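In what follows, structures are represented as structure tokens.
Below are two complexes that have chain A in common, paired first with chain B and then with chain C.
Moving on, here comes the complex of A and B:
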């Protein structure tokens, strides 16, 4: 049906890939393709004015050091913050009368009873029954069977193994809770998101408007909106579902909308000439033709939901996030590690299942799908086994409640021993490394950024935005800076910005080293990619503790956590970008006898510049998102303000102001880097590859 | 071609059926107790528990000592009164919001939150929460240094001498001044004001969480590093490393009323129980239990150490303490 669009060898691998699927004409998704303009000279010409701005800035800083920095002590607040706090108090006081609050309250009750009903069926004792309606054996059998139906036997085995690991490692109930929250959020995200995606895909104006909202939703660090969500939806399940929904909605709207928009106009015109209505066109042509991209969007939405549902444990959301958080509270890596690893297992399971399901759907649509008779037997046999399993799991306690064992706690002990050894052995070296980076890079940059008068820093940032991103980027930057100034947290914002910048520099160093290495050696790629996948999926709290043990409470600790969070995405982008450099270009270079070093620096990296800038963009946003969590480990600044506002009602307004400030910083950084990326290239490229959650999985 | 395929299919189907039957038998043989029996037992137990307890929504604030109190009360309520106990891991502020909606019934260890009392207590706020009396623990907040430091420089335990050592406390985070390790943002604290009002050459760097502070103290004691920070008692970690308190100008009534001008030490706090008004007026049998509950700092430290040092789950830790202290538990259950 869509021969050219979706070749059989291509797998749905995420947004960047989906662009490739949808644009067979533009040969490479990230790399600008053949013959980029000579980048060397352009780079030079941009860095000279930038250097000029920086030198002027440093001179002014030196002369005015410490004046008008707008610094505000950690637990101090301004009148504006108190006004914002009043909003919170008023809403809280009016929760029995305010119609909006009544509405969200009713919604919250509905969500709560829905989730509690599902918990009674799958995860929690449905009193007076001592166990859920369907025990572990039944749930495992059902899930395996579903995997068999929608995908294939290999995926069914994967699902079976995953569910067994939930139970064997001792987190059956929490795992099922996490799946329930994720599942409900995804269903709502699809119900709400698909109509929006159709709007985005069919109307240019709606696309522009919705994109702005999605940008904000995706820049806002997840921690920030937990605060207002709790205000409107209350503690626990409802807030967990709503926060997860907010985080999971953008991918499906963006990617499905993209898929619908990219259906070739010729096809639409051809079918229009047959006199079809709007609905016929939508349901018979656009959506079916965009199906593959829509599934990619669904996949991304599921993974986003999973990661946010984990974070929702901060507001007492049920699931695997809770034991992870408990481990953080008692400072026990091992306790947090096992549920953290199960989250990775779950992510891999969901990712592979949706991918395989879409492949199978594709095959069936093409008339493939294997021998129907064998399949029918398999399905009937599976159904019988499943029904039996459900029945016995409703009858016998041991088949309903997963038998206890000590494997999970033994693994936790081993992890703790390993961590103790690492921190005991290396904490001297890591301390020295921390001090070197802090004194050599972090502190000097922070002095200039945060200890200059605010108008000097503002001017400097705007000038750099002009140099790197052009006039439009500068205008956005000025608006964002004005907002930051208005919310009274300028000094903290500069410190946080500095942390994000230093973190991104380190991320890019890692991305260049590992990205190039992976691109040049497939075995390295195969070896490293699972680690990157795990780094992307594992909840940040898990590695917060060991990082803390190695580096102590400091800004650097937050930066390291940010690097762990951001590096996988950046490394993958660079690796894929470098890999995509056309082999003929490399061959041509080799024939002139260039060295490996020359090949990398003169050919591969310059030609992959588009993906380097994209990686920088993603790196900045990921690191910025993590810097908030850094408030928990002594990084201070905006992260601390958010945590502070979240935990003390009299400072609620300050927390909100800090949250908004982070969004403004994110939008600013995103616009500058994106404009810088666009400026470099003539082709349209993946301009909308904004804060994509990169797909996980082995290299192509 | 067709015929043999069909027969294979049929025989395979038959084989599957047999397999399923065998599996059912095998599983039922090893399946253990029957769920129907346990359901019946549960129903009987609920009926026999005398008076309905119903749900008990116990907030769990983020420090281990709190967790110890919460799970001990919760375990007693569950095992002896037949309550369904829901533990909700929440920060203090969020927990107080839940009294009004019935999402939270009990905050078992409150360190004093005047602003929250203003919002939620009868007479000052909407009346959804009420004070349920002291829970027996005495809270001590203050500035602490690791024991090795107190031993080698005994004069450091007086605040007047802190400036003398300020340079030693400097870190990469403190910009040339001494570093003072501030606490989790949700705790009651005035350290920035104290530092500036006593003219101390220190900068408050917030550790951000109990875990981060413990990690810093532990490392400092091991490697003889200079650390001073906000710390408190009851706290299980003091059994591992006996943190030493630095004397600040003594607390007098009212000296902490204006957060900006605080220049005195923290008072000793009688920790108390806060409960939802509606729940307290209900006929739940757990109301009396929570009202009667008191224990000592030592009791709490024992349970907290079970949880954090011995790696027990909070439920196990609570159950072990309850088993070891039947007389105390009995007193809470007396009418």
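Moving on, here comes the complex of A and C:
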């Protein structure tokens, strides 16, 4: 698998950019006496040349169908792929001499012993003890107590129920392992990420450099770095931690950096004028004022870590991902269901706890937080109970090891029965839907993209890039296409691209319908938004379970999972964009007597264009990430190549080539859609804060 | 403050060392800013320089002195470089060229530590958009300057509480900035600037964001604080009536360069060019001009029996005396007769105003 949960990482970028869209810098007023600004290019007419390109392409395809498609059978490899495999083998052979490999090896050992120590305390028998140092009762009590301290009693109850469910459903050890991997990765991500965030927030140059790196990291589906991570850190715990860390880092850097950068210049100037030092400015002004945003970043980092730690089961990382993966591999929904549900429980628990903790901190900072005396009694009482629980859990085996029961497996059986019933009853409907989309959209588009000669497809894509994104986007596109061609997987790349495009079209239809509806009706918004939030909290891996059950292993399953994964973000972006249209403009429009339909199509959507393009951008990358995981459930193409590369050592090079091809596709789609965003609104413009050189720099 | 006598003004400026002395100060924003000064490009207009080199002139070759205790107003349209100028004074923006001396100390060459000391102890600033810390109570906002200096908590809170009383915010110590109205927030800004007991206060359009009535209150507050504390002030505004009300002297900027420096009545009576004339055309002259600007030499045989008024009297205040008396008013500087003013001379000022 593989997969790229471009998820919370991307979401971080979505967050930052949608915040930027919400307050676009007003264009600088024209200097007195300067020439009037040049008239701006009209953009709507882009669709006409685009249609021309497509028509021409279809005609050429019709004449040349099936020629020069560069198709490569699923298990075939080329010389280039074998060369890449060779590089891998050489590196592995030099494990004991190559200084880089020695260094990563030492790091891997350190991470492994850290995780194993934590496992000895919380989840696994700490030999010679037959049980962990702290039994389940103690761990549950401690966690509940922490929730009580940082949040409130409601969250404490949620945490208590979550931990009990881990045990009752029979996945105590895997749940704790997942939490350990997530926790360690988050701590390292914060330690590494906060200084980077400060750099991003305080220096224009660092911001530009780091943003470029983060952009690449986030358009990169995870398995692309899973391959090299495994190469350097070995299969198992260390790779799981490192991959999780890499994946969890961008949100905190991006979002916290954004928060720090958005601290108003006036406040910085005002406090600088009081003679503060660099550190005083950072610790007393910038970080406190950015605190809310930093916590959003932390929350996103935690959720990203959780979703990646789940996926790390693919490289034999411990945790709940393993039983899910095992279930998916044999297409057994019942087996995957219970651990999948527990992953959701864990995600909700972590999300709610961090959110509630930040709300509480806010309240306490402003002098609220309830009666201190009651609270003190509560805290002391809780501490006593916790200590007793830890003590007895070290003494009685039943309180150390969760008593076995069959509830989990009984649920799995029930789920299997229900699923059989559903698929039996609705197979007609789901099958018809699947066939309609497959035959109506997926197959025709795939024929044109993948069955045209490669140079025709390449030309067509480049021409569309020029139409939508302009010259620079076209140049990037040509470079990416050249790379795709070079790595010998052109045909697979076109099939994967087609899946991403079809998925995105469907996502955008959903986003427009629901986004506009939500923006125009507050009650709809209130009703739907929590669902979308929950959808964004769940690690994408989990989506595959129900979708697989409904549609069976196929391309279509991957696309549907991609849609389910991408839609919440896209819908929210559109809703927020339409909502941000100023009420004055809408009133002014209404005063001319326009119809509702005119209001939507002539005022709200055009004015929300920046958000629509951003939603398309995010939709494409999310869907791409998910259709690639689809390789695991029969979606074929690049995703399958990666999975195949992982499973056969002689095909490693082909897997790597597929991974790189996916990145190139992602970068290409990202660049085109971003360039398509209206320049004036997308461009952050010169920010005064960065041109004012604050005279007190970091300590030298 | 309001209108100080010309004589008194010049005497302070000459006798004591200036509190602030600025010489040939330049600020050019842009890629190769320091390459412009001294070349013929420096003489170009702002728009031309921008098209030619991409640089924007913020402040152009500005020199002036401010006497201790003086209220020095800098005025100009938006974009004329006022904010840039005031930020250069404590190097919140680095100057491109020129020198700035505060009480004889060269700020332009000060080390970071010296500069911090200047900001902590000598000069405080009040900003248009307040720049308060939203996560701190009023009292801790006011105490911020003391906090960064390292004053212990108890002591700085006591001092801050005093200042909060001084600016009329008693009872709001524990509020957060977003719970206060704009005028009250700016009082907090003022208190924060005063808390460190600086020698000089800089104001960057502090009242522009406020409603007219609140603005008037705040202006009076500044006048009161100035008379109680006697601090030197550099006050930026784009509002001429505010400038005339507060300033001992007014400096008018255009495109970063000085157009005129003078007392309020000088600026109104003798605008240096059409730009300034345009500015002052709406001002009720009789409220600003002193007798100095309307008096004339006595005509031969004219009566010198009329009432004596000091030369610094404002025309409007002299009007009643002129109408009541049959003889022209004698305009005096101490015991010396400078000239006379009769009803007609005064009417000419008032009528000119009505017609314009």
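We adopt the following convention: the second predicted complex is superposed on the first by the 538 of 700 C-alpha atoms of A that agree within 3 Å, B and C clash if a C-alpha of one lies under 4 Å from a C-alpha of the other, contacts with A are read in each partner's own complex, and residues count from 1 in each chain.
Just so it is clear, a contact is a pair of C-beta atoms (placed from the backbone, for glycine too) under 8 Å apart; a residue touches a chain by one contact, two chains touch by 3 or more.
This is a predicted model, so every value here is computed, not measured.
Asks: Between chain B and chain C, whom does A:556 touch in the aligned arrangement: first, second, both, or neither?
Replies: After superposition on chain A, A:556 lies in contact with chain B alone.
Asks: After lining up the shared chain so the two structures overlap, which partner does A:74 touch, if you call chain B first and chain C second: first, second, both or neither?
Replies: Touch partner of A:74: chain B, not chain C.
Asks: For A:236, is the partner it touches chain B (first), chain C (second), both, or none of the two (neither)?
Replies: In the superposition, A:236 contacts chain B only.
Asks: Considering only touches as defined above, state whether A:366 meets chain B (first), chain C (second), both or neither.
Replies: Only chain C; A:366 stays clear of chain B.
Asks: Report for A:285: first if it touches chain B alone, second if chain C alone, otherwise both or neither.
Replies: After superposing on A, A:285 lies in contact with chain C but is clear of chain B.
Asks: Between chain B (first) and chain C (second), which does A:204 come into contact with in this model arrangement: first, second, both, or neither?
Replies: Touch partners of A:204: none, neither chain B nor chain C.
Asks: Between chain B and chain C, which one contacts more residues of chain A in the superposed model?
Replies: The larger set of chain A residues in touch belongs to B.
Asks: Going by the contact rule set out at the top, does A:191 touch chain B (first), chain C (second), both, or neither?
Replies: In the superposed model, A:191 contacts neither chain B nor chain C.
Asks: Give me the intersection of chain A's contacts with chain B and its contacts with chain C, in residue numbers.
Replies: The overlap between the chain B and chain C interfaces on chain A is empty, containing no residue.
Asks: Residues of chain A touching chain C in their complex?
Replies: The contact residues of chain A facing chain C are 29, 31-34, 264, 266-277, 280, 284-285, 288-289, 291, 365-367, 691-696.
Asks: Any idea which chain C residues touch chain A in the complex?
Replies: Interface residues on chain C, with respect to chain A: 29, 45-47, 50-51, 79, 87, 90-94, 112, 115-121, 123-125, 127-135, 144-145, 147-149, 174, 176, 189, 192, 196, 202.
Asks: Quick one: which bits of chain B touch chain A in the complex? Just the residue numbers, please.
Replies: Answer in residue numbers: 5, 9, 12-13, 16-17, 19-20, 23-24, 27-28, 30-36, 38-39, 42-43, 46, 62-64, 67, 84, 88-98, 100-101, 103-104, 115-116, 119, 126, 171-173, 175, 181-182, 184-186, 189-190, 192, 204-216, 219, 223, 259, 307-308, 311.
Asks: For a test of understanding, state which residues of chain A touch chain B in their complex under the given definition.
Replies: 73-76, 89, 92-93, 95, 105, 127-131, 137, 230, 234-236, 313, 315-316, 322, 325-326, 328-332, 335, 373, 377, 380-381, 384-385, 388, 391-392, 394-400, 409, 412-413, 427, 434-435, 438-439, 442-443, 545, 548-549, 552-556, 630-636, 640, 643-644, 646-650
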